[in-house]
Amino acid sequence: MKRLTHPLSIDSLKNSQPAALLLVLIALTILWYLAAFWLNSDLLIKGYERRGMTWDVSRLISDAYSMKRPLLPTPDQIGYELYKSIFETKISSKRSLVYHSGITLSSTLLGFLLGAFLGIVLAIGIVHSRTLERSLMPWVITSQTIPILAIAPMIIVVLGAMNFTGILPKAIISMYLSFFPVTIGMVKGLRAPDTLHMELLATYSASPEQTFRKLRWPSAMPYLFASLKIAIAASLVGAIVGELPTGAQGGLGSRLLSGSYYGQTIQIWSALVVAAILGSVLVALVGYFEKRVNRRMGITG
Amino acid sequence: MSMTADVFEKSDVLAEFNPPQSARKMITIEDLSLVFETNDGPVNALSHIDLAIEEGGFVSFIGPSGCGKTTLLRVIADLERPTSGTILVDGTSPEDARLNRLYGYVFQAPALFPWRTIASNCKVPLEIFGLSKELQQQKTDKYLELVGLQDFHNKFPWQLSGGMQQRASIARALSFEPQLLLMDEPFGALDEITRDHLNLELLKIWHETGKTVVFVTHSIPEAVLLSTHIVVMSPRPGRIAKIIKSPLAKKRTLADRESPEFVAVMQEVREALANDHRID
Amino acid sequence: MKHVTIILAGFVSLLLSLYLVSNYEGVYLQRPLWLTLVPVMLVGAWFSMVQLTILADNVTSKLAERFIGVMVPALFAFVLLVLWQLTVTGFSVPKVLLPAPSTILTTFVTHIDVLSKDFAQTWLKAVLVGWIIGCASGFIVALLIDGSPFLQKGFLPVGNIMSSIPIVGIAPIMVMWFGFDWQSKAAVVVIMTFFPMLVNTLAGLQARDSLHLDVLQTYACKRHQVLWYVQLPAALPFIFNALKVNSTLALIGAIVAEFFGTPIVGMGFRISTEVGRMNMDMVWATILVAALAGSISYGALALLESKLTFWHPSRRSK
Amino acid sequence: TLTCSALAASMSQAADPLTLQLKWVTQAQFAGYYVALEKGFYEDEDLDMTIKPGGPDIAPPQVIAGGGADVIVEWMPAALASREKGLPLVNIGQIFNKSGMMLTCLKSSGIEKPMDVKDKTLGVWFFGNEYPFLAWMSKMAIATDGSEGGVTVLKQGFNVDPIFQGQADCVSTMVYNEYGQVLDGGLMPSELTVFSYQEQGVAMLEDGLYTTEDKLKDSAMVDKLARFLKASVKGWEWVANNPEEAAEIVLEYDDTGAQTLEHQVRMAKAVAKLIEGNSKGVGYLDPAAYDRTVEVLMSGDSSPVITTKPSGAWTHDIYEKSGL
Amino acid sequence: MSMTADVFEKSDVLAEFNPPQSARKMITIEDLSLVFETNDGPVNALSHIDLAIEEGGFVSFIGPSGCGKTTLLRVIADLERPTSGTILVDGTSPEDARLNRLYGYVFQAPALFPWRTIASNCKVPLEIFGLSKELQQQKTDKYLELVGLQDFHNKFPWQLSGGMQQRASIARALSFEPQLLLMDEPFGALDEITRDHLNLELLKIWHETGKTVVFVTHSIPEAVLLSTHIVVMSPRPGRIAKIIKSPLAKKRTLADRESPEFVAVMQEVREALANDHRID
């Protein structure tokens, strides 16, 4: 019994995604401007005082929102920078964020695919072999306690020596970060089937491979997608981390680095915003596949 | 996969086959006990069970709730290991019997996969046994029709009523036509008429194919109507209180229920049950 | 007895390889005889692990099982270490690229004072505080969002976007805002751990059995009661998933954040500084500390999980 | 440029390949090499050069140890430290004659002379760049552990923000780079006190060219390196004369697209000053300067960077073979 | 929480109370239909149902598997919204009735929480209603004893047999002594003797407290033994085929089953069922 509501009633507004999103965005923007003023004005006042300048509030406000290297740039500054580096520059130009996103995206995706594959394979091995579970599982976990940025330059040096350059070293770092959530999630997921269902297949004397295909894999789907979402975000982080020591050969990571190196906060933030958008698009993409798979498995809503 | 073909060839042969007079034992259980260890002490689920089931027999387990019927059936199916005693299924260990895909099992709960439609659920064993797509479709159609779910092929389990789910799980167990049927209260969730109908269908299948059936039920008339032997169990520790051999002819109809022999057997079962009853 | 012989054989092959390593003259890699011993060692160790596993599954004593449970991964690690040592010494890999495990261990022992100061700075302050705040806020936001479709519609996309911001970008900003000390690292850890917790908790809260929800509906439950009675227990496995993943992420985050400015103490500081000084043994000793800390915290969480989710099908059936 | 690169590709088969690993990202600090590449000086010497930019966590000695480069740009302290750690690096040519590193302090923090840094917070670069600073503190007998009368040291990140945000009283700067950023940030020279390590007498040789001993045993490699040195020095001389154009060339090679021309021009001009003043011209390692560096490195009383006087850490062979 | 207190005061009063002669309606259903939308077309689960249930009545729904019994019970319990038609429960909407904690529901499946022991499962509603710890313990003890699970307080649901789980869920629904009991095949998984015992216990409770009971069953004798009215339903679209008023006295014993009236009512129900039966 669905209640009918007027298309413009409060109720319908309450249930509309764009309205909710808009409200949240407006609230965030206001907060952002306030925070920018709060953070930047501190810096400005210090500067004024050092130089013994006189100042008033209106000057402070206008300065806080138009600093060249603010502590926190305003959304409009970032927006303008984004506009400049996305629409006003040729995509093939090294000053275009689209160009850099492309570089990062390619190693992210490659790393994600490798990582998801490795993660699933490891999980399958662990679920099916007690020996692997006992021997490998603790080291899968330990592997993640090794700080990747510490070994990233080494990986890049070693791979570089083996003449692997370009996106592969970065993709390997991405893989290193992204295989883990997949392994952990899938080990759990592949063990999620109902005892009764497992027993049912035992009565058919189904082979491990059949049990896997018919039962373990489908029951692991919710776990798989939850971990893939984390993995793809991790993969992006890996690609960007990988771009730091690869010696500024392009990509969002090197934009972040050089922005950071030259104190260009606006540049850092616009690279961050692009990275964030890229990340959420990737997560949404995984979510899209999840919905499709769910629909095929009869799960709606 | 060769196993599968075997199972099917065999059952095709069996389709023209009359129940054997031979007394070859399908299941032999000797001095079998089973104890569950739980957080609060051991539970004696089965204790010193001795039982022999002939090939082609139809044996019902009946007894108070919690007396170990399901556990015994699970032991036969190699889903539970006995703590002591021996058991042979078709002359081999339960494990080998299971690996030979000797039996079909209907669980007390439907145990359907929520991500598959009803028809697709029915096909699970057929896919596993490697049947051709056509044969899968044919068997599925046949047995879903038998249980009256012909209109529900494309529904998901949670779109079905409890009884319908149970019927789907029966169709699934019948679909690959196993030698031995292990059924745990298969008709418990069904109304009388549907139940009668399925009782007759089961009798017909049993009769025509010479399968061995081990059947758990709470309904005394049902047990009497279907079985060649009725095993009355008593609870904690689960023991066999009495084994009642049915004097009824192999071929039965619903009308038999009015016969004096039938009523006499019912009475016997009821007494055996009441004798040792305790609710727990 | 078969187990015992095979396990013994495995150990013998391991001892043999250990002998190889300790008597390193740089020549054995040229000799095919020695080289063939490596695969023998690998196969021997694998069989030992298989047999140990079988033994562990059949042994009745809890203590013995636990002991074997430690032995198997230890054996695995031992094999890796021997291979590592063999490669490094056998192929004369420069010390500035990769030191031998034996060197790392020595450095670990001799520099334990520096390492423990770094550990206190990075783990006890930044990681612990950040992890707690990050997990707690992810959890709370998940609860809020799960209960309100409006918030879900408004915040989830924004939350998604914000949580995809890479740490390497955040770290310098956090240093800018929260200073050089551990607070800025904790802030990075908070941001890093938030998203996995949010995603997992949301998935967990939605993993409840609809029949269980119906039961509570008939009691006219309040939302918080539904949470308490059904959703939280059902979400526990998911929540622990996030807690565990986060415990490792937090450590990485804190260490990476220290690359962007820190007082001159901390594990990240140590790593980045000693790389520049070519003291790779110190770098790896710090990594060893990180690995130990991470594994122990992960193990502790796993233990707690198995205590709390004993009822879950994945634990009930072996 | 299409024909250009096609030409380069066809020629590269004949030319000898050589890889150079830089110490930092693409910037005018390395203008000489980029100019030599762009202007075809390497090609003229029949070299097929690859220039690998560095980054914050790239240690060039590691790269050369791993076989990823034939020659690296490195600072002498780091190179000598590596040598003692078992990687025998040898200086084959010194590019920078003077040190460009300095500590830039706020006058408003009350810092006028070196001893004023006591009890202040200082931003210092680590990753092997901390040796001159430590030597200076050791020379003045100031503790660096934050104790009373000592200094509090921060590991400075990639930039000079701490001085603006009041997190540090002094920050490390390179005269050709970060110092400019401090000025860009709105501080005026009159507000700053600058301690150049060169003037404080703890200067160490900065950008030089290093390779490994075993490479020097290979005469073909020696020949290549000599040609490389010759072309590079030619590039540097060109930079000294045309800093503005050099900056443009560097900008073209910057893959991040983040550098600004203005800043690179300033850097090129500042760098041009650092390569000046060598008695025998760019590329010649002055043994006296080498000895001074070694002396400072060994003087740290608590933890000297190197414990034994290195030998064979430099050679003039290449310089001589190059005919400079 | 004040609600709870209310519920309990009321039921305490009712404990001394004899079934009212008044014809106050507990449930009134008028022209109610319900259509499920599924991936493959709509399913008419209920169609034009008219039904009134008096306070203190004991009404059984009986009908073939899949005819909509569960769905109708769920509509009364506000677990399903009808597509059209009206329904009043205790004079209010089903939602208000639910929010007033008017009824206890026994589901077709046990629906116990696997992370709680049996006793602790029983306490769930009591905790939610804010009863004191003592009262919780007291009620739990009482009703677990009633269903014969006194020895299984500390077991987990997966350590119990199917029938035992079902009994635990009955105890859980009884424990908070609601005004209205909605029971979906509560005794389906039980043996005859346990079932008889629980039938009598239920009759006793009903008799003593004047509760209204709506009961789904597949057993015709059970329906006749317990009910004041038997609602026979027929399938697709789910309709009420016949409502049979029992002529039996309010106070009943198992011996009544031998009486001619009883047999006559059974016959009437059986005919009504057979009349319109189709298996699906």
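Per-chain numbering from 1; labels A, B, C, D and E assigned in written order.
In this section, contacts are C-beta pairs under 8 Å (C-beta built on N, C-alpha and C of every residue); 3 or more make two chains touch, one makes a residue touch a chain.
Being a predicted model, the structure only gives us computed values, none of them experimental.
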Return the chain pair with more inter-chain C-beta contacts, choosing between A-D and A-C. A-C
Which chain's C-alpha centroid is most distant from that of chain E? D
Name the chain whose C-alpha centroid is farthest from the C-alpha centroid of chain B. D
Round to the nearest whole Å and give the separation of the Cα centres of chain A and chain E. 52
On a C-alpha centroid basis, what's the spacing between chain B and chain D, in Å? 84
Using mean CA coordinates as chain centres, what's the chain B-chain C distance in Å? 48
Chain-centre distance (mean CA atoms) for chain B and chain E, in whole Å, is 30
Quick one: which residues in chain E touch 2 or more of the other chains? 39, 109, 156, 158
Touching two or more other chains - residue numbers and ranges from chain A: 71, 149, 153-154, 157-158, 194-195, 244, 260, 298
Where does chain C touch two or more other chains at once, residue-wise? 97, 172, 176, 259-260, 272, 275, 316
Which part of chain C faces chain E closely enough to touch in the complex? 209, 211-212, 214-221, 225, 229-230, 233, 309, 311-312, 316
Footprint of chain A on chain D - complex, ascending: 22, 25-26, 52-59, 62-63, 66-68, 106, 108, 157-161, 164-166, 181, 184-187, 191, 254-259, 263
Please name which positions on chain B make contact with chain E in the complex. 36, 38-40, 43, 62-66, 69-71, 108-109, 147-152, 154-156, 159-164, 167, 185, 188-195, 197, 218-220, 270, 273-274, 277-280
Could you please specify the touching residues of chain E with respect to chain C in the complex? 3, 74, 77-79, 98-101, 103-105, 107, 109, 111, 113-115, 124-125, 128-129, 156, 158
How about chain A: which of its residues touch chain D in the complex? 43, 46-47, 50-51, 69, 71, 93-96, 99-100, 149, 152-154, 156-158, 160-161, 244-250, 254-255, 257-264, 267
